[in-house]
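Each structure below is given as structure tokens.
Shared between the two complexes below is chain A, which has chain B as its partner in the first and chain C in the second.
After this line comes the complex of A and B, so read on.
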């Protein structure tokens, strides 16, 4: 294959500009759609994994009849006695339904004696104000219901509990924290009506990450009624959810792929009179079937390469510059407290390969039979 | 059955290939039944044209399948993030009984496709389609194997249970384990390495003596020998860990994806080596035995470099 052949193929393409542009555009759109979906899923996954790094290594929850129940505080001390456990903490957290807006807030109680979460948290704690710190989404909802400085929680006994709003936390990882309210543990207990000797669940910190699996197993033996989750479990679960979503998206796209296959097949099969003459002249000049096949295949490859390149570039622009309007809802789900997060750019060779293998062989495969058909034209018949 | 984009794409590629090959299969059967160079019927003329379609299809499928096998390995490697217990593709391949067979069949099929292509080129160089019937008979065998590969792939992905714990390569290639490779593992790794280098030296001699058949046979032996040597002798040096024997972990980013390069060199080198015996003598350019030998040398050079580099750094041998 030489450059003259390439120039010849380009001139062939230019002569049937509109037919080729139509195929090119449809193929481009297909690549664009697949790439966009993959990029969104990859970005969300990256964002989730970034936050996963900061999670505790092990979570211990108590279940009865498959339902989560608060754990007794005494268990914390027992777990701390296991070799290799650096520390175990009880957490008080849960959901609070705010009927006026029809949303659930995630309420997380914090042990205010324990410093060192993040700098902004320490800052708010240092100011000495007692109250709650909320995520961006919660702040928006509260403001739209005219709660500017405080919020009235209704406790299980029916009393009002007025909690001042002391701040909102920055939104760099909004996906997980948009619907969150952080407040002192005692306040959280009052909101949930949870007694002092109970916690929602227990988190465990382990010094040596290689011991996590063993320690999790020991806790399972110690408390058979507990559900023990490690960070790896959560990691794998997230991976599953997003692989499943993008895999399902692709599977649903298979219909479109099939339609595209037929379209290309049809377009390529309709060899015009003009084109038949051109091929016939080439063959009369001494071109063999193999040469015509090579030329036609070069044409298809040119379309495929350009469509792939422009499709992927277009998808990057759509996803990261425009933040993928419409399409991202497919992956983030819909809710009033929907986080307004930025998709983090991902550049993964595996991802680009996946897009390539999902689309380019399909296109080239669709061109083989029509290409062959036009290459075996009988010059004598066509020129007559 | 579990949907990850990689599985869907792998299945898509293989379905496409199979559909195209089915067309080639019909052509092959017709050619085997009626192809006769001496006849001048319109059917014979049509068959000659159709043989171009079939060979274009086979060439295309081969061109897709070579990168696709690396993509398949990548798919398995990605799945190891999801399947509990698996730390690399080794655990994923052995997750059910079909995996190992599927993997081996995929590699065998690529070699067969390549050999078919060599036969096809030879056929084009004859003036009377001398090998046409032979190559399409050979294609029937390939088609059956590809069909089997497709069925195995469906079974493999269909039975892939992502909640079931699988073994990590640490157990699979452990000397104490009852794995199919345990028999090989019992051999002293120094002996394996010795055999590997001896085979390489034999390749050199065969290349010097220009004995294509010997070179081809040795290349056929070199492929399994290199794989075994990689697992039991070289991989501990690549991982810098005496207990780590695995042919798949080298594909991971921690080792700079060196495995993809190594396997590419090994496959190209041994394929051209095996093909050298079938390369027709009277073709314009006979296959230079130094080309496959060059690929083999690069492979040997890279794996040996790891050993020497480790010794240079730490002044001890690992095995």
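After this line comes the complex of A and C, so read on.
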């Protein structure tokens, strides 16, 4: 690289300091906002889909006219007899409305003999404490209503059911567990008034993950009134939610993009009289068109690359150090109880390259094209 | 050395706004000569210099320098020709106002293969020669008219070109500075440079010039 040219590019940038700083700031802000949004989305997706990997492979729900109904326990045994099914479990779960806070809790009843949850869950079960384990969101709501050690559920018969609070989920799981309460299945039955021969739905584990779709189809044949969901269906549903939210955010970002494109268009469509004169002076002094373009390319590159670099670094700091105040709410509003969770750092080279190629070359072209158009004019014409 | 054959220059050629600047000009300037192009404003003197410097192309005819046709050079080679052969002192100096004196003087050296250190050395040498080294880091916009002219001259000579073209070089100078400039031209002439000065300043007639050409309404005559 011609270091003299680089030194002169810096001198030329210094001359119109405020104008160049304004361009730099717009560019930086665009990169910062877009990178922040994509980093938050990537981080949430990473956490969510990592958790979804731990979900049961197949869910079987009973429906009548599209309405969910409890499933008979007898179906569990029948499903277990399908070839390729390793095990089937009945679950008791549902929503519990807490009117004082105006929120719904998701209650999941657990078979206390069934191990193999996450290590922290197994630890609570092994401690022998009978009670409920709650998500951070539930814990916050209960504390704000002075329920520190227990909570009184109201059963369908109108009686109080006092359940001790024995633990809370670790903070890193909060995205998917914020509004969740785990408690013994028998307790859940009492809260929902569900008889012993029924379960809310059935989960199925298969021997060979490649057979998930086939076994799901067999269950549909066996119980035509059932809705059979696989882990992939749930993944797709979450994917849709996040794509929808990312799309919403991008729609909001259109304003920023619009400002950027106006800047680019303004640069593309015109070179000021003063700049034209300068190009003519340089040519009169023996600069070739290529030399002039090289100078302008270096000037623009310095602005664009620094704005891009600082925008990305700023976004990483904003998202992962500051935990993206304000912006993350756009992506996490899907739960009734707003989850608090740590955004896990993600280094997605593809994403960073996409943002780079969508902005930097565009800006460079916007500078080079009008410079080239001015460079091909006779210097005398521009100097007259 | 410099030869113009049947050269015409018409601005806005082929449009209703066409203006004839030069018409059928024939001119020869020998190597090492100091030639004055004298004539009133708008007579075509500046256009003639621009044609010699390949800053514009003639509408008709050819311009030769050292037996090479420079009027038809593609843009790339025209720039190289200017870099190697021409030092142009513009009437309005054409300095880049927001850059420093040193940066302006170094401008012609930037696209050359000369190292930064060698370029700066050359820049300082030429600034010392024109007594502007103490202003090296001053922004050009803060200089007086005389200082600006010295910067413009230093810049035009930094590559040591064999041909110096000066367009109304004393138009913005007081009589003392104009006199100094005339002495400088004589010195450069003694060094063997080919010098063409476009002016209507009668003080130039006191110089030991080789020839004076009158430029009137686009025509050129040797007197």
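Quick note on the criterion: the second predicted complex is superposed on the first by the 324 of 384 C-alpha atoms of A that agree within 3 Å, B and C clash if a C-alpha of one lies under 4 Å from a C-alpha of the other, contacts with A are read in each partner's own complex, and residues count from 1 in each chain.
Basically, a residue touches a chain if its C-beta (ideal position, glycine included) is under 8 Å from a C-beta of that chain, and two chains touch if they have at least 3 such contacts.
Quick caveat, the model's predicted, so the values are computed rather than measured.
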item	value
Partner chain in contact with A:8 - chain B first, chain C second, else both or neither	second
Chain B versus chain C as contact partner of A:290, first or second or both or neither	both
First, second, both or neither for A:239, with chain B first and chain C second	first
Partner chain in contact with A:358 - chain B first, chain C second, else both or neither	first
Which superposed partner A:376 touches (first chain B, second chain C, both, neither)	both
Which superposed partner A:20 touches (first chain B, second chain C, both, neither)	neither
Doubly contacted residues of chain A, that is, touched by chain B and again by chain C	289-290, 376
Residues on chain A engaged by chain C in the complex (per definition of touch)	2-5, 7-8, 11-12, 14-16, 277-278, 281-291, 295, 376, 378-381, 383
Contact footprint of chain A on chain C as seen in their complex	47, 50, 53, 55-57, 75-76, 79-80, 82-84, 86, 88, 90, 94-96, 98-100, 103, 106-111, 116, 119, 155, 159
Residue ranges of chain A in contact with chain B within the complex	38, 235-236, 239-240, 243-244, 246-248, 250-251, 254, 257, 289-290, 293, 350, 353-354, 357-358, 361-362, 364-365, 368-369, 371-372, 375-376
Contacting residues of chain B [partner chain A, same complex]	2-9, 12-13, 16, 19-20, 23, 49, 52-53, 56-57, 60, 64, 67-68, 71, 74, 78, 81-82, 84, 124, 162
